[in-house]
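Below is a structure I'd like to ask you about.
Note that the chains are named A, B, C and D in the order they appear, and that numbering of residues resets to 1 at the start of each chain.
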């Protein structure tokens, strides 16, 4: 293996560094909170360094998606090997990591947001030890989801991330934190169950030849699941466009849709966001939501290309609903954080619209939008966090005229808001434009109606901006200090990314292209091939 | 012979009568000391049995040894019981067993 | 030495980047740079110098019609079928671009200069200049783009800087409202624009104008979809150029500082819509052009009627701007391409002048904008007054002014259009607006500068503005005269301008052209139309359609006479009513009260939109939020409640039935126990009796006899 | 009718009659004295059963130890002659019935049982073998019994001790 550090692959490092940090945090005496913070920061910075290394060494020409030889930084060893236990035969779970152009942006995003999240967590003043330990565990879970290529491993990481999130919201959250945490947990668990069922269905339908024994064995290998030839002819999910394949696709879709979240599975999000502490909102919106769409692209679409093509139009419709519905709901909110939570729903609708189009522009735009939305929404939640730290209220109508009181803050916020509006020159414009371009080619009318979302977004964002920052400053906020150095450290990297990707989106699009084009090709070829064969 | 020759049965019958009388005493008397005396009767009747069985070859000398132990226990029992009676009397000013019901309820 | 075209491109990039540099410097180091205002103003004058050089080179010396510079912005790779998805962007310089460069930088530098005086005690001085820099950058971006995507990008950036500058005094609710309104109303148009771009890209796979035009010429996009695409792109122009029905934002935008109104909301940004139409002109079908012509005419008429009733000096000018923009749009719509662009340029000069002059007045009157409080300022502010008069004459289309030349061309075009197509409504509106324009402009002058001062206190303190404010006025007044455009004050055809700005050859299918162009079209149009832009300089302009040209020639003098008469009538009417007071304005107002109220309230557009679109959206958002919170979340919580109900039911079952059985057995045992407790006397003797009874019973139970 | 029979019946009668006296006596002190005779009677029966050692022990322990203790108890707990010795614990009639039933049952069993050997064994000395047995086969119970006695001794002292503080 080529890319190793201390004999361990880069992907293992980047995934398990936070766990190392967590162990260190757990060993630090309770009183020494500073050491915990710095440990967490150190772990995430190292993670960021590895992400940068991976980016630098990434070969943009390799496609990935369904071909293990085209993946990069691959690590593949047997993890669980259960020999011949009754009817389920020989269970092999692999420790199989690897990235391609689809996961690379997510890996970078996760590292970046985790780093920013630690800085945003600096003011946590309750049970810091538990907080940072859980935070780092969460980090590992998220990173693992994006690098795992074995479905079982994927599921393990998926669940690892769930529990810390529950506690982080439930313990360090706002007044209704228990409700929000339980809601989040139950929703996600419901989704997980569906994913688990489909995973098992796939497991029992797919067999590959064991390289050692030469026997046909079931496998959790995602890449093997993508090859129609590996399906046992009479298995549940074998065959072509069968009823059960549709069912499995829809179940998997719901499982991931809850995470995105897609209407009507979205109501956990506003509550979770509003109650979660700032850093957790940032993580939640910045990374967790992306897992849903990542799941579509990594698992649902390539494994069920026939069903994907069949249900592409409903997906696009759901994307449209997300965009417009989320925007309208955001407009009606009076809670700053809730508004941004709904705006997330709206923006994730763009991702869905783009990837449902299943063409180069749409998918590129969708994946880029995943990244951009992660960065921009992280900024937005940080913005809310800053003001909530100072004023202890988030009501949009409680403020006014902060532009004079906090000019630097206002500047940062303006960038974030206009990025969310999709102002050209800032990152989200490019991704939204590409998504719409793609969607328009496939679903003309859906794209046209969805473009109303552009208008609505401008409406609620500017309205919020006006209510909070413009006008007269109420007497009680006369003493609010502007952003401090620590907060700037969190904002500046995000701002740089937002502006840089607005002007030179190619730096991120270039490594993605080969993989995403291959994905589009693959889905169309296999999907229509299957349908034609039927 | 009008009167049967004395054998095992006669001893046992004496013992049985004593036992019954002891029971009667234990049952009917309120006074703890009287109860104790009833118990002594019962123990004695038991001893008679042991020794009679020994004598008539149904038990070897073990019966007598057991009888000795019974006597010892009786002595210890008497000592303890009287101490308790004294204590109760000091505490409650009565030695009637049916009035000593503090453990009840 | 670079070849001249490459030098021009480099210079153009420099012109584009310079204001951005100013913006970045000011926004990050605003407080730390001494005299930031001079820095920014200097940068602008440098850009102006470059622009003039570019224009002179391009228009008068260069033989190439177009200098292009393209780079690959995004490459999305390719699919197996060999389809690739590059997105190319770039800049291009042709004659219109070169002229617009000068217009933008010129007005911008003059406004910068003017602001030195007008804004010098503002609290956010450096921020103001930074935003001006951002605006200039974005506007130049629109001008220089050689592709529709970049136009859209800068389009939005212009919207942003407009938003920021309108809301410059954001402490005022009305100012921040106006900024928001401007941005959102513009967005409405931009969505149309965006969808238009989507159509174009989907059909033609390119954003470059050249690619678009050649693609259309090859028939890759035609029929009604082409018309729809044209109209959708025009939607962007409707928003930005404040055309009916999206004109409502511009009057409100007057909340911004007056120099900003001059730069953005009179001369340049609002003209961007017109510029956009000019850019995509070759792909506009007859259907699209007719829509454009009608929208322009309606806009011109509506806003002119509103303008005659307004009392706020800037509002009058705002409506006049809308009206003039309507003229330009109408001009382009009816096929008078050069005239429309020409009017764009002349209008930029005199309308910027009008706004700056009104700024000068407002400055002198200590930020009083109501004309009813003014009067008699002529003596106090002679330079401003005379500049104002020149601008007003120009906008009214009085001979010897630039406005006469351009407006006359547009009117001639609309006349010809009316004659050729029978759509006489458009020329009728066009001419009637001439009368209205002259009337409201001179009403404005008379109320402001003539007569007796109405607010004596403010009048006493009023004085002529400092030189930094009057010099721009003088420059613009000079530019409002005919000589800069044509040496013949009555015939613009002989000037350099109309020689340089020539209507591009249309690329739409023959059947979708105006009738006169169908007749003129050579048989091999479809193949030769790929060459798009301008006819090389120095070559005498070939009229695109001889038929059209012929009609214009024929009707020229008729039209001229009508327009002149109407303008003079309007002028006189203003004097009759407001200066000589032959007719009492108040009485007149009373007599036509319903009409006046209707006009004074701007045809109730704001109220209409407020009651429908805004209220509707808000109501919908409230309803959906309720739906979200109560129905969807209610369903979720209901599911949770149901589950809990179910669980509590099964809990009850467990508690009462299963556990009940257990407890019953316990209870039963207890019952027995209670019965048995009767035996538990606590008396040892009793127990002995029972024990013995037990022995007896056992004995008899097991006895063997 | 040999002398053995006569002696047996005499002592059996003494034993039973005095036991009746213990049980039915109205005075507790009389009951105690009746018990004295019962113990003597029992000792005599032991002699008739050739258990000389036990008989001696019976007299020494019961008469010299237990009975004295009982009399001390009576003296300490009440003015002896004033003690109302009521049989109110249990109804007389049921008591008699129960006891009668027991007695009847027992006697019935004892008399009808066909004991394997109903004959006297030859007399043997008992003191020595008993001592040997206690030191060999029954040494553990023997030691335990001695410990029990010690414990009972100490316990009795502690229990019977008047606690001054508590009385107040």
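Keep in mind that, in the parts below, a residue touches a chain if its C-beta (ideal position, glycine included) is under 8 Å from a C-beta of that chain, and two chains touch if they have at least 3 such contacts.
Computed from a prediction, not measured in an experiment: that's the story for all the values here.
The most centrally placed chain, judged by C-alpha centroids, is A.
When the interfaces A-C and B-D are ranked by C-beta pairs in contact, the top one is B-D. Separation between the centroids of subunit A and subunit C, computed from CA atoms only, is 35 Å. Averaged Cα coordinates give subunit B a centre that lies 5 Å from the centre of subunit D.
Per-chain Cα centroids separate subunit A from subunit D by 94 Å.
Distance between chain centres (mean CA atoms), subunit B to subunit C: 119 Å.
Counting only residues that touch two or more partner chains, subunit A has none.
Each of the following residues of subunit D touches two or more other chains: 89-90, 95, 98, 102.
Under the contact definition stated at the top, the residues of subunit B that touch 2 or more other chains are 23, 27-28, 97-98. Of all possible chain pairs, the ones that touch are A-C, B-C, B-D, C-D. The touching residues of subunit B, counted against subunit C in their complex, run 23, 26-28, 35, 97-98, 101, 103-104. Subunit B contributes residues 1-3, 5-14, 16-25, 27-31, 33-34, 36-38, 40-41, 44, 47-48, 51-52, 54-58, 61-62, 64-65, 67-69, 71-80, 82-87, 89-90, 95, 97-98 to its touches with subunit D in the complex.
By the touch criterion given at the top, residues 27, 73-80, 83, 85, 149, 152-157, 160, 163, 167, 170-173, 175-177, 179-180, 183-184, 187-188, 190-191, 194-195, 198-199, 201-202, 617-618, 620-622, 624-626, 628, 632-633, 635-636, 640 of subunit C touch subunit A in their complex. Against subunit B, in their complex, subunit D makes its touches with residues 1, 4-5, 8-9, 12, 15-16, 19-20, 22-23, 28, 31-32, 35, 38-39, 42, 45-46, 48-51, 53-54, 57-58, 61-62, 65-66, 69-70, 72-74, 76-78, 83, 85-90, 92, 95-96, 98-100, 102-103, 106-107, 110-111, 115-121, 126, 129-130, 133-134, 137-138, 141, 145, 148-149, 152-153, 155-160, 162, 167. Residues of subunit C that touch subunit B in their complex: 682-685, 688-689, 692.
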